[in-house]
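In this document, chain identifiers A, B, C and D correspond to the written order of the chains, with residue numbering beginning at 1 in each.
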Amino acid sequence: MSESIKAGVLGATGAVGQRFIQALENHPWFEVTSLAASERSAGKTYGKAANWRLESNIPDNVRDMEVVPVDPKKVDADVVFSALPSDYAKTVEAEFAKEGFAVASNASAFRTAEDVPLVVPEVNADHLGLIDVQQDNRGWDGYIVTNPNCSTIIMVPTLKPLMQFGLEAVQVATMQAVSGAGYNGVSSMAILDNIVPYIGGEEEKMETEPLKLLGEFDGSEITFADIDISASCNRVPVMDGHTESIWAKMADKPSPEQVKEAFLNFKPDLGDLPTEPEEVIIVREEADRPQPRLDRNMGNGMSVSVGRIREGIRYTAMGHNTIRGAAGASVLNAELLHKMGKL
Amino acid sequence: MSESIKAGVLGATGAVGQRFIQALENHPWFEVTSLAASERSAGKTYGKAANWRLESNIPDNVRDMEVVPVDPKKVDADVVFSALPSDYAKTVEAEFAKEGFAVASNASAFRTAEDVPLVVPEVNADHLGLIDVQQDNRGWDGYIVTNPNCSTIIMVPTLKPLMQFGLEAVQVATMQAVSGAGYNGVSSMAILDNIVPYIGGEEEKMETEPLKLLGEFDGSEITFADIDISASCNRVPVMDGHTESIWAKMADKPSPEQVKEAFLNFKPDLGDLPTEPEEVIIVREEADRPQPRLDRNMGNGMSVSVGRIREGIRYTAMGHNTIRGAAGASVLNAELLHKMGKL
Amino acid sequence: MSESIKAGVLGATGAVGQRFIQALENHPWFEVTSLAASERSAGKTYGKAANWRLESNIPDNVRDMEVVPVDPKKVDADVVFSALPSDYAKTVEAEFAKEGFAVASNASAFRTAEDVPLVVPEVNADHLGLIDVQQDNRGWDGYIVTNPNCSTIIMVPTLKPLMQFGLEAVQVATMQAVSGAGYNGVSSMAILDNIVPYIGGEEEKMETEPLKLLGEFDGSEITFADIDISASCNRVPVMDGHTESIWAKMADKPSPEQVKEAFLNFKPDLGDLPTEPEEVIIVREEADRPQPRLDRNMGNGMSVSVGRIREGIRYTAMGHNTIRGAAGASVLNAELLHKMGKL
Amino acid sequence: MSESIKAGVLGATGAVGQRFIQALENHPWFEVTSLAASERSAGKTYGKAANWRLESNIPDNVRDMEVVPVDPKKVDADVVFSALPSDYAKTVEAEFAKEGFAVASNASAFRTAEDVPLVVPEVNADHLGLIDVQQDNRGWDGYIVTNPNCSTIIMVPTLKPLMQFGLEAVQVATMQAVSGAGYNGVSSMAILDNIVPYIGGEEEKMETEPLKLLGEFDGSEITFADIDISASCNRVPVMDGHTESIWAKMADKPSPEQVKEAFLNFKPDLGDLPTEPEEVIIVREEADRPQPRLDRNMGNGMSVSVGRIREGIRYTAMGHNTIRGAAGASVLNAELLHKMGKL
């Protein structure tokens, strides 16, 4: 490894924080140098502070690392990955950016800020140009880049290739995994043998974030896409993997076959980023795919699988919500930033 | 009990057959007099033949009853409730109707026949007038009455009150319980920690059956309703209770409040049938209801619960798929037939 | 209803509190007159304060009742049912007893106190004689009666009839439902597609409580039974119903058939208490029973089902952990107290 | 890869067959050259014949391979791995052995045959000496080697190091994953929100197979170990990973600490076989481990994890039932055979 960019994780002990550590293990460019978490955890080794719940052991290099407070003065890193709760992120991420850190955030705090890029590399890499606007506006040495909400990320790569057909309206019903709510987010009594047809704030995010992601950046600001999105979000007894039943209304009325071709031809060139999946969109031909248990780890959890493309246009999309939909998204953003020379 | 109508169950040992027996236990009008099943079961006592899987014991009156073959000559009943597989039902139900039996069928075999009523009592009781047409056409002494597919039944009572607003189009994504596929229909390896985004034939049923149910009967034939329905059907790891995210497009563009009022005012008068629920539609005000585990048994499993009525118009509907959606539906049909003097 | 004993519920909003309210709905002797809960809930109506999660609606009579603080001065009742956390119960239950209330407690706080009866009516009703000792000792006008831990209650009625064979040792591996930990006790991420082989404090309770329950009361104190009990407690993804694989070593080495007879002959005479099940122990003959989903509601949730009695002696026991194992146990104790003239 | 041993899979399309193919993908010694399955599948490509259900894609090299009948004349291989149903294996495996194939079988058909080795490499590698006896007895050019039942394999490596303390008796209650029964073995309606306290034939296997595995081979026959084993087997709603609550009675009455040391010191030297796990037994210190979801893939699914070693002696063991407990077990046996020059 010739390159070594120092990486910190903010909110390192939680479910997404653990996914960050997993994503950065053996990463060719980034090296974990700081793990920051709440006062309760600070001072302990990461192995003691975190209730590690992934199906792999804590990487050896972080187990004995001492957790530091979430404070720019205590964190030694070039880039920090933020898995902070949104209200807390609002002030803390700004402090880090001000102090010169590149902040790759999975929190929602800054997603809607006019001068903060909301990016999915395969969809709107050019929006990273907003970083200059942001630094001008705010006088920061560093900057904040965000990725969207997990249910948005699964859907947006499939909407992007539909823009060519004049995408007008989207209706989406989600079936979301419990890991999306964090380790203690969904009680077993709430979800065993059950569906909960509501996830606070989720529908609003799915209805607005794609408009920014699919919008146009003219060098100074984003003009939002004009698409009418209506979402119904449901929680289901699945560990990982959000499944979405999507209807897309397009002016050009493409056939299912044309939509399938558009998905297959969607091959954005990011320049071989380390965690970029070979296929952003995997098209399944089987009648009963994609399925979360079978398909969530495709492309190391970074691919979105689609299937059942039918008249309507209707289709099913599925992706790993805590990899593609959270930690992996921020890491891919940071890789892109490095490639572009901004990190 | 002054009345005693002799009732048979065809396909008595399966999952829906068991629900028929449960629904008829202690029924004020119907008395189970015949249990018919495949040759493999015939001759055994019901207790031996059936792998009883409900959360209550086999009713004492049927445990020791001998199972007979599915043959009009071997069945002693005024009405037979059919839980037969559809291909088999095609010939067998016709034989029973010819021999003078009233057949209340949960099978799909005759649902689309022009002269066979497809009925949900609260929605289109008047369609039972087709029985006369059917008997004229076919020269049968008995007749066949059908109820729709389980996922259709959960949705249709909520569409009926929307007809007044000029219902034009419906999009529905379902999250269906495993019991809908029968006892061996869904392997645990297929569905634990998983979603299967496909149920064979289900979408076609949801897209066509409501058009007949919501159609107009002029005394001789049904004119189908003109509604564009698009369904995406998913299987989820839930035991009982189908949940549906529904979008309804209406010409009059009613507000969510008007839709809610329409649901609350939907109180069809069936004349106090024994298993008719107090409320066909239960409107939940909570942000996170209805939920299958908590609401499936409302109205003894015969109510449909709705909630989350929002702009769109969007809402969530949920009902018990093997009670309201199957056995209970056929029994309610038979009760209505008796009330109308046809049984 | 000629009798009407005023009943309060302490800790009324939690999972066991809800089961108390359900158990007392339409009870022939007890009428709910007070619902007490934490300061956060006090002052609200019960409908607002409780996150009701049972598969039935909140009884009408309690929905609009105002929740009061857990304070003897604010509670109007003859008997209070306690679903309080154990540490809190330690002081609060004593205050209620001192003020003259009969306290029927599901908490563990006083179970091991020498002068407090730990009772399962079918097992050791005579231990209620300890109430006199307790009142003498402590100078209380009221008293406290406790029931054991849920996993103990499921096992103990099956051990009682084995005492006649010289019961020496018991080994038990449990598979316990998530509801035993309370509504937020087990995260879905902890238990979906998983087993947790540990429940804090549970094994100790299973190893000690039966010794008191099966002990002898001589009018002044309990002599504990001399049985060596070893427990391994596991949490499983089941909503309600604890299943236990039990080995019982007995001096007389009875055959499986003799053990089965002992279970069938175990018919304690409690004098027709309202919630007493027809059969305390239900013996299943099927090779694959009891099962929690199918058998937990037997006897309205108050029966323990056993099966698979084999050489060893080995067998499987299963019962409803929040009915028989918690709220229902306390209510049955209170019914017995009333029958004995102590309430 | 200097070595290339041709490998066939018998019963290649089922759940264990798929695990064989997964285990052999990229194997340094074995190359899949033949896939054999029932007449229904023969003639189709494997991709068409198999309903592939693993969380990884079908390896490219086998997707287009034509499935052949289970017939020694049609199979081109040096070693065949058998995932056949036991009754069928009885005749078929003998035919293959007679024709000169090395048969590494996961079926139970020959496990109890006096001259057929039942082997777990870390436990009784020396029993492979029985192959010579077998070939002498039967006049076969090839031979059959078997591995035990999945629930036995998880337990036996933990019993082996306890033999030094004079192991006398074992009681074990299992909580077994649904994959152990094959793809259609357990219906979702049977196991969602449920436990099934019975698995046909499983307890007998657990009670007898360890006696052969832990027995002594004197060059001509096995003297069975003298241990009294009593098993209670339960099915739980877990996808993969059998969890076992074990009690072990030993003459020397070792302390939990001594048992833990014995586990840690159990490091059989197999000579670096390719799929041999770094640690056969992983000792977990956490109070709530091992857990199937978190620990089943340790050692690439080939390690057994133990924890909660307490007075009793009691402990919990857990391992992957279709890798360590099935396909991986047979592959490890074949690797050992190659190392010993028998393949």
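In the analysis below, contacts are C-beta pairs under 8 Å (C-beta built on N, C-alpha and C of every residue); 3 or more make two chains touch, one makes a residue touch a chain.
According to UniProt, the chain labels map to these proteins: A, B, C, D = Aspartate-semialdehyde dehydrogenase.
All figures in this text were calculated on a predicted structure; none of them were measured in a lab.
In terms of C-beta pairs in contact, the better-connected of the chain pairs A-B and B-C is A-B. Note that among the pairs C-D, B-D or A-D, B-D reproduces the A-C interface, with over half of its contact pairs the same by residue number. Separating the CA-averaged centres of chain B and chain D is a span of 47 Å. Separating the CA-averaged centres of chain B and chain C is a span of 40 Å. Distance between chain centres (mean CA atoms), chain A to chain B: 42 Å.
In chain B, the residues that reach two or more other chains under the touch definition are 53, 192-193, 237-239, 293-294. Note for the complex: chain D touches chain C at residues 171, 173, 175, 192-198, 200, 230, 232, 234, 236-239, 241, 243, 245, 247, 287-294, 307-308, 312, 314, 316, 318.
Put simply, chain C touches chain B in their complex at residues 53-57, 192-193, 239, 293-294, 296-298.
On the side of chain A, the complex with chain C involves touching residues 15, 53, 178-179, 183-193, 237-239.
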